[in-house]
């Protein structure tokens, strides 16, 4: 289905069905495992179909730039399904971070350059410098901006066609675009806890870069982008946690020990109930954050931190609990449980720890 | 009565009524004092006279026969006011729907309109000392005496027994069949000879509940609700209505959601120090998160009810999360107060408030369904996990071991 | 039995038996409840018997001052039993705080004055200024020291015959003795969360006081006393938690719902097991702290903070869990569960919060 | 051999032996590589030659017939060294005591001295894919074939199968009786035709366990340990010895206690920042407390063993607390490392260590008894709480639903 008209509950449900069906068919667990062993970590053919058949790379790209102009409600549905399937593809990096960095920058020229390419599935974007690690510096040279420094933990940074890097210039922080072919750019894949999401170290040595938006506006853009990233990650985590819960319930209902399905034992039943309680709370937290983006609510930073601090811990707790329900089989390599366990802990720490999110939340609340 | 009235006109009428009768609202509503009951009766009577009571009840029972949309409009208009009808909620929310569904015509005619006017206050007598989570194992006996019945036994956790006119009583009428099959529901006149009510003091010092002793209480034959020995089905109807009524309110024993635990704690921290302590800041933020999630769950439940959908698991989740929040907030409050939370000048309202909150937390967690029962419900009814092997399903009640507990 | 010879495991077991038997007989639950409603909160006749028949007030008083010269191992046994029975008596204030403040002060004259009286059961002592609240000042007047200020939360402060107050003088902190008859002394009972342990506000207005030990030595004495208080409180808490566990297990084994003893349901069984796990850990924590006092181990401050931070939270968790096992009956006034719940939370906060103990622990460890 | 030797003389002999054979100690001992097994065999052989193996075993089985005091003296002298006998522990700690107690004279004569010399390495084959916590529901069949038996089935979680010479096998010999009554224990030659061993890869990437497939494996009649159909009692004996052996080590799968999680984390915090963060300081202190309590529990267990007392509940408590500490420490480690714990340069040993610790935590919690099973043990055997109603006690195994689990 095209994502062109995605607004009503029925549209969202249809979008969910089509994404779920596609992923079940194109990226089943065996394929996720296979891709985890490859160099790039994703399948360009699947990426092309995600962009073409499903229109996902253009989902939130405004219509004037060739996209569907959908909002975070629709994006949340897609990410929930991607999280459920552990889809290894540069979706989060390109569609959540890349597209929204460009949109938030307000730089119409850069948008016109890149968004249609993204929507068409021809450009994959990674964003660096969003987190709290070391940042690059931007120096105004005679022939334009040059970037210098190292940026760690760039999602899909090794395979992106375009890097958008938050860097500190003399007049303040700014967002800079660096094509993958730029001089002085080197990208090193890192070892990752999460086998289904790649990260890279990006080193910049006098690397020519194009300013996107204005110097001094980078702080605003990165803060707003972070809120959106947290909301999106929460949605993705809901999908993963829901799947973990379903696997646990299915196992508990069909695994017999001591003459009974183990799910009839209160210890297991209540463990599943605790997971359900957390998943339900994750869901409302994520939906509130997504809704706050779509409503341009002033409350968004609060909603985003609530979602981030809760969903990070709850997803990991659910993933760990899911392994416990499975017992021995749950900690074997062959069982998918550990893929979620890895993803969950990685998500918990990706944009700051839950404690950091809570501290930020309290500041947002004016305390 | 007002079926031709447009929703807008109705809304305006409600708004005007509240504006005019504001003096009737906002009174003490802790639900324990008889004063609060009088306030509730007067308010409900005025509401009835204005044609605003029982909005969605059938006209034949004294209701207005209006739509859910009218009820929601009413609720929205009522939102700014403290509506003092708490003492009537069990009657109107649980007992009346049961009578509507299962009562005889005579029972409906006699009671429903009076309940709606606030002339009759009702309570519910199901739980017993030996039958808590396992209500169906109750031992109060009702034995036939000609056309009538004689009831002996003891009930417990009866909210509002001390000011109620009537109660829905569940009693065992056949001990020779499995426990669920030998129960009957009755309308009990709370002023009948042999009914003795004793307030039950809780940890907090308050007495929101009662014990009710039933000694040779005569109950007329026409007081049976539904069929003899089919009382369990009737009780399930009552409890379903309880769940809907609690769920719509957002879970947690009528606890006002977004009641501002975080706001109160942040204010406390600002005043007594604590906002500068990064560790306490973590606790404060956690309370905010828990509270926000509870509000969101409650919104979801209300949206479901509004849309006519059966609420999902959020009701049980909200009950559990509400109890957890209450305890957590109280613990954070005491940590903010520090050592003074162990001993304080009687004038220290902070210490009073948060120690009371701490003492109230266990009741909050247990009353209305223990966490164990709520998690069974989530596990079995929502997730579809198998039940425990039943050891009491096919055993005559007489042979069943019930209650006990020596400590 | 006399506490004169208390050293071997057999002696300790005998001491435990005699104290438990005495308390079961002299201060059963009904008596604890009755005393909670009285003005002073304890029974002088029972106090006299604790001192006389059991020799408890002299248990840790050195033999040269008329006591038994026992150590913290024996004191711990007594306190565990007192905590188990919720004994409402000024035992902790007099025997733990009072006796050890005098012993630690090194002031032989003060010891000779007071310890024999304590051992004989004729003097009850309260100690103020040990915690973190406001402290009194000590002013050197022409006729000796005068104390000025308010000290909050003094255990058994309203009924003690002698107050020992840590106060700040010009040359540093010191310990000062104030008889209950002193001029300018006023004592106000406070409302307490724990109904079985009284606390008072002590106000001092130009109150004559005797210096115990040296000015400038008060910091050392109060730190050493705090370590001992934490070890002692941990022992007391073990007794309470153990009793809470026993009540829960007894109820779970005899309460039938759904045709089964509720203790056969895993939710209840595992709740009890969790309580057991905590009680066992509390026990080793408390014993290590008591042992560190007796061994004069340099590790004592660490052992004391480990015990305090763990036992405070674990006792309260056990008390709350115990109520849950009992269901409705557990939150009635008539059931003893809430007396332990109150005691546990009070103990958790009495000498600082668990978070404060953990921070102090890390400092003790040199970090 | 050395029964006249004084304890002091013995201690000196041990000390001298270790000083002389220090080169044999401290080798790789991760218990997985065959290299480690060779090291273990050589060390054990030298120990045997010196008369220092099987100190408390009867002389007739190749042991020294010494007292527990000698064993403790040995342990104390061995403390400074890394004793590389991990791969032999299942054989010496679980299988050998079972043979001593239940084996035939021929079995004892054939195996015990060889095990003691390190010439035979043993493993244990109880668990199956369908029989985890419920070992007695295992499905591997042993069917009589003349005097011999033919075994078919699959075992799992078999530590050391890949380098073991023999194993204690539990198999079903009678499916027509309740599950505990139709099991028999056998000595299995791990090199027999039909035995296929496949390493089982864990979350961490390591392979500490194996699957063992048994296809028409012929087992001679004289390989039965104990009586036919009385294998459950034999297995209980084996598992009791496992518990004593784990308990004495301090719980937690041979995990070295006081292994210094706190020290490592404090060092990490000092190096990468974190000691200045009051919230992280709380986490660090909590790890210290958990670790200290685990050490104290372990001391208690050792003291009980030393005094000849049966260890109390501390063994199960230590197992649970150890797993909890392992996970907690790993989580704190990752929080200290921060975002770099999600992606790191291969040279970042901190990230490697603590992510591995996190990945190992679930196995640590499940292997050797899930928390659920440990809490059942504590609840039933220590606290005396009643068991679940048994639905499988009196049912012939053939009619029992077993295993399964589709996800």
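Chains: A, B, C and D, in written order; residue numbering restarts at 1 for each.
One rule holds for everything that comes next: a contact is a pair of C-beta atoms (placed from the backbone, for glycine too) under 8 Å apart; a residue touches a chain by one contact, two chains touch by 3 or more.
For reference, the UniProt names are A, C = Acyl-CoA dehydrogenase; B, D = Acyl-CoA dehydrogenase, N-terminal domain.
Since the model is a prediction, treat every value here as computed from it, not as a measurement.
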Pair with more cross-chain C-beta pairs in contact, given A-D and C-D: A-D
Which chain lies the greatest distance away from chain C when centres are computed from Cα atoms alone? A
CA centre of chain A versus CA centre of chain D: separation in Å? 42
Calculate how many whole Å lie between the centre of chain A and the centre of chain B, each centre taken as the average of the chain's C-alpha atoms. 43
Let me have the rounded angstrom distance from the C-alpha centre of chain B over to the C-alpha centre of chain D, please. 53
Could you say which residues in chain D touch two or more other chains, in rising order? 278-279, 282, 372, 375, 388-389, 391
Interface hub residues of chain C, defined as touching at least two other chains: 260, 265-268, 270, 355, 359
Could you please specify the touching residues of chain C with respect to chain D in the complex? 245, 249, 252-253, 260-261, 263-264, 266, 268-270, 272-274, 276-277, 280-281, 284-285, 287-288, 306, 309-310, 355, 358-359, 361-362, 365, 367
Residues of chain B touching chain C in their complex? 127, 129-134, 137, 156-157, 200-203, 205, 279-280, 327, 334-335, 338-346, 351-352, 355, 358-359, 361-363, 365-367, 370-372, 375, 388, 390-392, 395, 400-407
Per the contact definition, I'd like the list of chain A residues that touch chain C in the complex. 265-267, 270
For chain D, which residues are in contact with chain B within the complex? 277-279, 282, 389, 391
Chain C - residues contacting chain B, complex: 131-133, 152-153, 188, 190-194, 199-201, 247-248, 250-251, 254-260, 265, 267-268, 320, 323-324, 326-334, 338, 341-342, 345-346, 349-353, 355, 359
